[in-house]
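Look at the two complexes coming up: chain A is in both, with chain B in one and chain C in the other.
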Partner chain A sequence: MSDAGALPSPSVGRFGLAAPLLLFVGSVALYVGVALWTGQTKMLEAEGVVGLLQRMVALGIVAIGQTFAILAGSIDLSVANLISVGAVLASYVMQGRPEMMLPAVALVIIVSAAVGVLNGALIAWLQVNAFIATLGVGLILQGLLSASFTNFAGSVPKEFQALAYGGWGGAPFSVIGLFVLAALASVVLGATKFGAHLYAVGGNVEGARLAGIRTDFVTIGAHVACSLTAGVTGLYLASRLRSGAPWVGRDGVYDLESIAVVVIGGTLLAGGRGGVWGTLAGVLLFASLDAAFNMLGVSAYPKLVLRGAIVVAAVAVYAVRSRDLVA
Partner chain B sequence: MTVVLDDSKHASPAAAFARQINFSVVVLAVLYGAVGLLQPSYLEPAGAMNFLRRAAPLAILASGQVFVLVSGGFDLSVGSLVTITVIGGSMLTANDPSKTWWAIGVLYAIGLVVGLINGAIVAYLKTPSFIATLGTLLSVNGAAMMWCGGAPRGYLPDNFRMFGRFMFHDVPVVKVFPLAVLVLAAVAALAWWGLHGTVFGRRVFAVGDNPRAARLAGVKVETVRLGAFVISALSAVTAGVMLGGFGGVSVDVGLGLELQAIAACVVGGVQLMGGRGTVVGAVAGALTLTALFTLLTLLGLPQPLKETAQGLILIAAVAFGAWRRRRVG
Partner chain C sequence: MTDQPLALEMLNIVKTFPGVRALDDVSFGCARGEVHALCGENGAGKSTLIKVLGGIYPPDAGRIRLDGRDVSFSHPVAARRAGISIIHQELSLLPYRTVAENIYLGLEPSRFGALDRRKMRTDSARLLDRLGSAIAPDVAAGDLSIAHQQIVEIAKALALDAKILVMDEPTAALDGADASRLLDLVRRLSRQGVTIVYISHHLSEIQAVADRVTVLKDGRTVLTAPLAEAPTGRLVRAMVGRDLSDFYPPRSTVAPGSPTLVIRGGTNGRLRGVDLAVRAGEIVGVAGLEGSGKSALGRAIAGDEPFESGTMEIAGKVVAFSNPRSALEAGLGRVAEDRKRESLLMQQSVRDNAALSQRAFANLLRSPNAAPMSTAATDERLKQVDVRAANFDQEIRQLSGGNQQRVIIARLLALDPQVLVFSEPTRGVDVAAKAAIYRIMRDLAGRGRGILMISSDLPEIVGVSDRIVVMREGGVAGELPGGAGEEDVMALAVGHDDRAPQMRAQ
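Up next is the complex of A and B:
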């Protein structure tokens, strides 16, 4: 591990800080520009900005986990289904009773970690392609969930709704939580042995193995991290919606969107390069876009068309200068 | 190494033959056998033909997708192309059978444009195909919804729907022969020739295996990528025209087909990230998945548990394939 120091630090993407910073500036400019142009200056006051940040929370949490999976050279298509599982389990176990909050949260965390171990073990030990393994696990989870629940199940108590609706002096707990989680992830990636090994495995799995890294444990660890964030996103959605339904994850398209924001944020889809700050910048872009479309009053279908084009443009803007051959 | 050499020296001809055949063919035979046990009509020629007819759209998608996968990319836009083909077909024909051929021409033109856009974004803007085609998936779906105003109306004329449902009668041996199976055979043969019998096909493998080496060897990587995405998009339009004859016009007719097509290819031994795969494997993988869906329906599983079983078998098939590859090399 003599070249550990040469590994990219988590906040520095493929083009130094360029990609996250460019995205951040672009997103803010878009949001401010549209707010000024449409004369909705109220959106620039504290309340509007907090609203924008709140739009980031659900996708942001799971995208941080997806960053771990992708950095390790893997991918996780099961997150949307796991989010639904987390949301439904939480509200079903709680049934509106505050004393069941702790057991419910503990159960969701344990189930998520188990799904992460399953994903990682299928990929690392059974050598199942990550795309297929996580797609398959997602189908299994969704099938079991939809067979057991057909509608909103149970409810969460008032105390638990504080997670989504409470806050300290204007700053919602959820937004604070998102940034604390991002900082934590950034430290894990940049300052721990596990983080260094993650970049090594993602960059060259055979090389990492020859260097003595237990690559299987690294892959499993990355998937556990990813699944845990999906479980937490499920908890957050249950808190926000006051109950969980088996379709909340799929409706949010969290699987493809979390992958999209990770790549938009400058993390290589093949693994080994990137970091969480880029991912957060990608999430900010998506949130600003949604807010801007709302302010402009763009209707649902043109919004979809524009969103597709902007996803591509956001990556193309800096990818086009790359000399690497991509596929 | 010596173990491997010994193994091959003493292996029986049967074992040597087993090594040659595509693994998904074995899974297909087992699954189809189970289908036949539960519903013997599937073992008669007419039942088998009907099975092939229903498998045809996915098999056609897989034979196009395999070009992109072998070249090292993904094409996630095919499901949305199927949707816009069906919706566009009903909007363009407006219940007038005389407009069918013109409409199909326009739909292929749309497919060509989407394929070129996908290919150009990947080849010239250097954007990973997963993102590029995810973007076109969103945009094309949005465009389809805009086209029909959110709620599709009208029906496809009968001569548009014949590709999915027309049967030749009084055919020797099989008695009935669906037009869809004929189209599938033609598309698969064309894809097989394109991937395994032309210089272009060799270049697709070269680009998927090692793009830098391919470029140094004088291959125009950009053109090859463009070609692969165009082939995939055109196959999606073909599958869409066929699916138009299967059911009604709806906005979710293509939903999730892109992942099914990729899964079919992987079950058929196509390697993601490029360099390895066959058209025969892709088609066999699509038939395997269809046999699986049929079996789960025959078993009377409730819809959600079908998904669970599908996930289990998908993982098991690929895990077994990986294990077998490690053993026999």
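Up next is the complex of A and C:
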């Protein structure tokens, strides 16, 4: 059988780096432009840039996890509450004692993984809509937490604060950690069976099932990954705030903002297409926006307006583009 | 032949669904490398048989043997591992993933836990090469044409060393040239020793490619024969062969009136140059195979997926509908094909469902129960079409399919349309309700309405229509007078234009 018509050749740019790169360039241009315009050139030196990157850490970590959930065709609304749980649990168990660091971290990891399994099982096995399942689990977590703690509980030892404040040669551990995590996630998505199956489940769950993929395990795996990143974000916030309070996650609006940066980064909300570098570029855009508004000395509310507009505009652009692509 | 076990045998397969015996003692066998065509009308049991073979449905009784050994599949994956691959009619490729990723979906080779992309690429390229195709393994599947996607589907099916390949209407979405290339590919695979079960409505394809053919009808095997002994005429009769019962209402004796719906050169993405006229008092049946454009025709006429060129007239006035509302406004109503998805508000009452179109045209500030939509008026119309419900406040999802269909008809009648399009009017409806729906249609025609009945149910096309328009490949293949035989309709629908010499040849 000979092939009829022209055969397309591989085009990496279209599905690969184009969107993240564009976002990255736009974010940098925004940051540099505002710094120059306001004459705050100090922001362009190492210290300023590191500050910008540090703004990315908390949202960046959890958004990487959210990317997994969304790629699998799911979503996780419980991350903000789980972040609070992680932060409070860490600081409460540590109570300022360095020897409790390891048990506290282990506990947070275990609890997060368990929440991920719960979310995934509700969705994959009980067929609860992901939106509702994770919303419910999030409310339960928040309820339990708020019933037990009202304000900052315990504290983290100085050694643990190194996570947020320490670094190597000017590069904070937290920023290094974020990029290492992103690289790891990118490898998992791009070079492992789990990653391939994640894209398949998000793209066509029935097709994936008929191809022999255990789609339930894939969904659960994606949620475990997502919840683990929420737990790690909680640890990071505890380290930065030196303690954990039951409202740290909610105040950061990490649930909705993590979803927002994932879709800004070009991941389809329906799943099956996207990746972590886009998400990270979305986080950078939000961080640059924050920094730019700070330099301009504008209040927080116009920033919200702009963020909202960016989310809507990004999704609209992707929708129009994909209509052209897949006729 | 006798000492070598058949590659595939399905023996005395029975499968029942609530109320339906979908497969009744069906037996079916293929030798290695054989192309065995499976045909039959819609609902004859082809898909059920394939789903049993593919491990999607467990059979209630019967055996499946591969190379003489009994097998049973608990899961589609088990069937796939045993060497049975099914290419379903709807393509299932992931559009954003590469060709190689799609081919090895679920079977990804890996080294030390990491995907072995190089192996995926080279193996995919080899598979595609075996199929004589030069598709690059690295392109996104969504960038390929439908014909090329079909080739990728075949490569995917072969990835796990398939010995038995089931192709369900593989040419449904392909045009003539691509379809004939696909047939070449089927022959090539059979030469390579792959056993192929080829399901198709297109008798010309079957004649071109099959070694043997089996016809299913009403869940039974009615014919298995080498192709040489099964000329098209015999196949058609085997597929259709049944008597028309007398539950069709008598045709009108009055000559039809003036044309009430006229289409000239109706064309859009799925239709090309459709010419059609329906006169007042007439029921025109539209027949055609899946993908022939008959469903698209209903949607186009009713403004759902409008014509892009051509003209349409209703009662002599040129109209152009951009949406279903404008069609209703101009006096054209349509009973849509898929009741649940396109017509019913499942959680609402029978009465609310019946008043829906009227309310759509009522003044916004008007009470939804004001004059023409009043409970009494709506109930009157529901009684006219004989809707049986405990009461009209009942949720419509509790009604039978036949009663739901009547509610939809009542909804349209409230707007008093001049032309009514019925798309698959009796799909999923029992026999008694079918007869009632035919009577309603005949009655409407008797009162001067023009009726277009689009249907996949051949007996009903032949039994009800005053005139039959047969569609093929998006256009009108021909027109037949009322009372034409199912064979004639089928012959036009499958494009078997040189039927006459074949008939003589028998």
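Here are a few things to note about the model shown:
In this section, the second predicted complex is superposed on the first by the 298 of 327 C-alpha atoms of A that agree within 3 Å, B and C clash if a C-alpha of one lies under 4 Å from a C-alpha of the other, contacts with A are read in each partner's own complex, and residues count from 1 in each chain.
Everything that follows uses one rule, which is that contacts are C-beta pairs under 8 Å (C-beta built on N, C-alpha and C of every residue); 3 or more make two chains touch, one makes a residue touch a chain.
The structure displayed is predicted, hence computed values, not measured ones.
Set against each other, chain B and chain C touch different numbers of residues in chain A, with B touching more.
When the two structures are aligned on the shared chain, A:G136 is found in touch with chain B, with no touch to chain C.
When the two structures are aligned on the shared chain, A:A46 is found in touch with neither chain B nor chain C.
Of the two partner chains placed by superposition, only chain B is touched by A:A147; chain C is not.
Once the two complexes are overlaid on the shared chain, A:G207 sits against chain C while remaining clear of chain B. Of the two partner chains placed by superposition, only chain C is touched by A:Y199; chain B is not.
By the touch criterion defined above, A:A191 lies against chain C but remains apart from chain B after alignment on the C-alpha atoms of chain A.
Within chain A, the residues touching chain B in one complex and chain C in the other are 325-326. Interface residues of chain A facing chain B in the complex, by the touch rule stated above, are 77, 122, 126-129, 131-133, 135-140, 142-147, 256, 259-260, 263-264, 269-270, 300-309, 311-312, 315-316, 319-322, 324-327. Of all the residues in chain C, the ones that touch chain A in their complex are 76-77, 80, 92-98, 101, 105-108, 110, 113-115, 117, 131-136, 138-140, 142-145, 147-148, 151, 156, 177-178, 181-182, 184-185, 188. Across the complex, chain A is touched by residues 71-73, 76, 121-122, 124-132, 134-143, 145-146, 150, 207-208, 211-212, 215, 221, 225, 259, 262-263, 266, 272-274, 302-312, 314-315, 318-319, 322-323, 326 of chain B. Listed in rising order, the residues of chain A touching chain C in the complex are 1-5, 7-11, 14-15, 190-193, 195-197, 199-200, 203-204, 206-213, 272-273, 325-326.
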